[in-house]
Amino acid sequence: MITLTHFLVVSACIFCIGLYAVLSKRNAIMILVGIELMINAAVLNLVAFGRYDKVNYGGQVFALFAIVLAAAAVAVGLAIILNVYRKYKTINPDNITDLRD
Amino acid sequence: MRDLLTISPVSMSILVVLLPLLAFVIQAILGKKSTSGMISLIAIAASTLISGGFVFTAVWDNPTISTTYNWFTIGDKTFTIGILLNNLSVLMQFIVCIIALPVHIYSRSYMKGDPGIHRYWMYLSLFCFAMLGLTISKNLFMMYIFWELVGFASYLLIGFWFTKEAAVQANKKAFLVNRIGDLGFLIGIAIIFSTFGTLDLVDLFGTDGFFAQGIDKNTTWMTVAGIAFFLGAMAKSAQFPLHVWLPDAMEGPTSVSSLIHAATMVAAGVFLLSSIFPLFNETVLLIIAIIGTITALSSAFFALGQYDIKKILAFSTISQLGYMMVGVGIGAWDAAMFHLTTHAFFKCLLFLCAGAVIHEMAHLKAHENQEFDPQDLRNMGGLRRYMPKTFTLMAIASLALAGFPLTSGYLSKDAIVITAWEWALHHGGLYLIIPVLLVVVSILTAFYIGRLIFKAFFGEFRLKDLNVTHLHEAPHAMLIPMLLLGIGALFFIFSWNPLSYADAGILQGLSVAYPFAEIHALHVIIPIILTCGSLIAWWIGWRWYSKGSYPLNPHSRWIQASLNQGYLNELYHKTFVESTLALAQISYWFDRYVIDGLVNFSATAVRSLSTFSSWIDRYIVDGFVNTVAGTTYYIGHLLRWIQNGRLQNYLGFAFTVVLIGIIYLIIR
Amino acid sequence: MGLLSLLIFLPLAATAIILLLPTSLRHSYKYITLGFTVAQFALAGFLYSQFDAAATGVNTADGYQFVEHLSWIRMDLGTLGTLEIDYFLGVDGFSLPLLALSAFVMLMAIGASWNITKSLKGYFSLLMVLNLAVMGIFCALDFFLFYVFYEVMLLPLYFLIGIWGGARREYAAIKFFIYTLFGSVFMLLVIVGLYFSVINPDTGAHTFNMLHMMNPANYVENSFFGYINNYNEVFGIPARMIGFIVLFFAFAIKVPIVPLHTWLPDAHVEAPTPVSIILAGILLKVGGYGIIRICLSIFPDAAVDANWWLGLIGIVSIIYGALNALAQKDLKRLIAYSSVSHMGFVLLGIASLTAEGISGAMFQMISHGFLSAALFFLVGVIYDRVHDRYIYNFRGLASLMPKYTGYVAIAFFASLGLPGFSAFIGEAFVIIGTFNAESVGTGIPRWMAIAGSLGILLSAAYFLWTLQRMFFGQTRLKGGEEWASSLVDLTKREQLILFPTLALALLLGIMPSLIFDNLNSSVLNLVALVAQYI
Amino acid sequence: MEEVIFYAFAALAIGSALLVVGLKNTARALFLFFIVLFAMAGLFLFALADFVAITQILIYVGGVLILMIFAFMLSNKELLADLQHTSARFLSLPNAQSLLLVLGFLGVMLYGIAEWQENTPYWITENIRRGNIIQPTDNNINQLGVKFMTQYVLPFEVVSIFLLMALIGAAHLSRKEEDR
């Protein structure tokens, strides 16, 4: 019997791996990948919980919303990355420190 | 004649003193222009005339005359200056004049051509002023002033040839030794002043020279005062052990030696003691007698071995001064003054004769261009053939010195020796040593003066390779004053009776009542002993020095000790001079390194303290402020590092905070 | 404006003129200062001749002459009463001779300044300010006014030594300044203490008036320095004694006494000749004057108790100074140490508390003023010529510079106490007074007099030795021919300065009554004041 | 049997995800990301969300991932170097700080899950008790369609517009700006 806990644990692992990617990767695309991993972990949670709500179907509905919005975000993010690359000739976020000072 | 004198002897005596001062001032103003010495000569001649004609004759054997002038007032005590004319002071003044006059005449010839002659006359006049002033001072304070001035003039005259190293050493020594005595004098004055409240001799002793106030003079302080005054006299009269300056003082011109260091200045000590004689108690008098005896004996001994003709005479002077001191010490200060008088004549004559000899020897030296000491006896001999008149005069003076009958010395010396015997017999016991020694000294005196005469005037001239034809008699300008003094060395000036001193005018004039009985037998025995002793001494001397059969080893310890003056100079130099200088060095070291070191150390300490406090200020007080600021800065820096513009870091921090928050919530 | 004010503030006019004149006229400065100083000297001489010898001085206003008494500061301090500071001037037998001496020494110093070339404007104006301060000190009868003048005196001296001095001038100047300041700061404490202890009987307010301080009746009961029932103690020493000690040390530094003397050789050696003259001629006298005028008069009870120590310090200074002088190889330093020795006599004389001793001390101060000034001037002469004063570098100067040698010999003999010169009278009466002290019962034993006389012997030793080493013998100089040609004999100007000085020393030695006549009644009054407590 | 498959999928997803973040080579990582997404889709099936799983594969694998690789190729000038970058180390060194943070989060989450397990929310137990839970037999797609068009029509429209905006924005951003 696969319980809710199984999903939650897997989801937590994936989320953490995504978070790690976001924090440590030196490549904007890989950061985006990390974000996607985290969104996926969230989606996994949504569907796992959604299973216990047959009346509203909220879990699956919002999983779909999330997937779609993630896709849109990826599109915009990639566009930004391309622009950044054009300007800075790099996509390493460390080198883009305009926020400082 | 006395009735004819309407002029006051006091003002005349002042004139006597002031004339040489006037001469001094005139010559000081004229400077190098006055070389003849006529001014000084006229001044002293006038002084002599006035002193002899108006003062001495007017006062001698007459009641004491004194005048007092207020000098200045300190608080409520008035200090006076005054003139005291009694037998003693007019006698002394007259002696000084009558000795100074021939010396002045003699000097005109003797010092001719010296480049510093103008100073010579100046100094000589200054000396005469001081010495004459000393004689008639009524006040001890005033006397002290002249006393020191005499020393000062002596300083100048000894160092007259100031380019000569020995001369300037000698005058320094003379002044310093005299200074010791002066201090004694000053302390004596201080004691007298604080005891009696006055320094006036008349107030102290009354016009008759007696102790008017009847104050107990056997107190400790009176003894100290007596010793202090005697210390002054010791230095001035060259008494053992302060006599060392006098032989050295012979570096001055011989004419100066004859006046100052034979007849007048050195006699001032005896004069002082005579003036204040009533002040001395038994203890002091005994000390004076003992010191006088030691001086007479030691100097006679030192005189035996000297080769320098002037040094022999110098020691002879010291020895004779010792006699005088004994005279004072035994209470016979009249005899001492008598001996002072006769001694002044014959000793001055001896010096002048020696000066003539030296003069000729120096001429010979200059003529022959040879290097030898013109004062050394070993270079002389047989001079009587070349300088017969000088020889004759010198022989007379020598006889007087030895106390040969018919001379003045015979009278005065017998007076002292016989009185000493009487005194000693009166006291008995160990006191007898003193007259015995005096007799011995008298025989020694005859011997050493005989040695001088024999070595210088008898035998052959010792510097054989020199042309002796240049030796000749001294010029008349020198011989005449010598002749005058030579007359003074004979008995008839002082007493018509050549054999008994009792008839001497001076003794009668001063008339001291002795506390002991006169013993008539002594008046016969002592002169015979002395005369015979002298004759034997001369015979030995003649054998040894004239005949050349000298039996003694010249390197024997006694002779060496005599030649080197008992090594006293070396002893003093080692002990007093060097230790004082060492003390000076030590105290300067102390000053520089201890006292000043302490000052500098405290300065350094304050500086390092301030350095320390500035360190505290910078690092602790300010450090605290800086730490606060630094911490803030550091924290800011830290936060700035966080705010590094890296998105991932921002995110990381955000998550960290979230994590911490969650953990906080969990733990809570 | 009274005569004393005129005397004090004449130099200020000179300073003003000098400061106003453009630098292009700098060669006229010395003539201006000389003119003013001559005028001042004439005025001082006039005062001296007009002085009434019967004036008793010391502790009553009636005893003073040429008195000027004006209110200066009246400030209401609320509960503390009114601050009463007066402009109070007057002279008595103690201050008048010193006033005349100062005017004379100033004249000498101006004469010695003739060859100064470095920043004349500053030099002469500072000299005149110094002149003002010195005159003020000797006239002031208000303690506050006295203190003001006392401090004003320091400043020009500091600059005069520090700027116009020799190689180590900064060191010497600072040493001098700090030494003196050290003393005077504590003096200020005592002044304030006295202020609160004394009231003016006329107004009832506290006062700085010295004369009121000398009267026991004016002391507030139970005040710090009060006379009666005063059990105040500091470190176990009675309050009045500590006041005396502090004031004594403040002035003793100036005198100077051993062991507070070490500023003196340095300051003298480094100072330019005129300043040395002023230092030796006037400054040291301020110390002696202060002890007589203030320590002895305001604290006679303490002085009676302490005089044994004063005498001892005097003796130590005399002998120690003389020994040090004997060890010197630098002529100027030798004379500086001889000053220590000679000023020791002043202290000894004061300590004797006898009329003879105090008169002798005063006379010694006057005499030392002339003679040390002359000695320093003489050293300056040789230093001007060859810029060397090391004793062993000279020999046989007598043949080269006979006049100079004559003056040196006279000055030396005068200093070593040859009768006929002033120093003799001073020293002799100090000794006599000290000897007398035992019979008066002031507690100075006689051996002190004897020990003091040793100083006379030692002074003869070092002066004669110097004379022998430098001036007699065959001429031999370190600088050879070059020196021989530059060592010319005294010029007219130098003789013009030296002759009157030594002549005055001689005159005073022959006629000491010139000083004593004006001094006696004051001395007697002081002795009587002190004698109450013996 | 069912559990074994679940664990296999979970392991695949987690392992691949670890590799994605661990690999140095970006290109390889991107390709491994496929595996992760597929595995995730498989896990969705176990949660009885078949439509979501399909959507996941369609949108992610078909759209997002292709876009990423495309962007990667466009942007990375070091692409070639990166592709050829067969360096000594296959994996990149872990970033210590990030790792620490991540592990912290993991721990917190696992702790939360453990806590949560003991008191299951009320609505879940209530739904289980009423049998109001999705069954494998349910027609999910139908249900979703009805829900989208009825209950969730407003969010649906909003998301649609948002998608439009995102597309336009992306296009605008990525176009060449020649008038700079």
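Order of writing sets the chain letters: A, B, C and D. Residues in each chain are counted from 1.
In the analysis below, a contact is a pair of C-beta atoms (placed from the backbone, for glycine too) under 8 Å apart; a residue touches a chain by one contact, two chains touch by 3 or more.
Computed from a predicted model, the values in this text were never measured in an experiment.
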Number of steps on the shortest touching-chain route linking chain A and chain B: 1
Furthest chain, CA centroid comparison against chain D: B
Chain closest to the middle, measuring from C-alpha centroids that were averaged per chain: C
Whole-Å gap between the CA centroids of chain C and chain D: 107
Centre distance in Å when chain B and chain C are each reduced to the mean of their C-alpha atoms: 35
Rounded Å distance between chain A and chain C, as computed from the means of their C-alpha atoms: 101
Whole-Å gap between the CA centroids of chain A and chain D: 6
Two or more partner chains touched - positions in chain B: 652, 655
Multi-partner residues of chain D (at least 2 other chains): 97-98, 101, 105
Pairwise chain contacts, counting only pairs that touch as defined: A-B, A-D, B-C, B-D
Of chain A, residues touching chain B in the complex: 19, 22-25, 31, 93-94, 96-101
Touch list for chain D against partner chain A, complex: 2-3, 6, 10, 13-14, 17-18, 20-21, 26, 29-30, 33, 36-37, 40, 43-44, 46-49, 51-52, 55-56, 59-60, 63-64, 67-68, 71-72, 74-77, 94-95, 97-99, 101-103, 105-106, 109-110, 113, 116-117, 123-124, 127-128, 132-134, 138, 140, 143-144, 147-148, 151-152, 155, 159, 162-163, 166-167, 169-174
Chain A-facing residues of chain B, complex: 643-648, 650-652, 655
Parts of chain B lying in touch with chain D, wherever the complex brings them together: 652, 655-656, 659, 662-663, 666
Contact footprint of chain D on chain A as seen in their complex: 1-2, 4-10, 12-21, 23-25, 27, 29-30, 32-34, 36-37, 40, 43-44, 47-57, 59-61, 63-65, 67-76, 78-83, 85, 89, 91
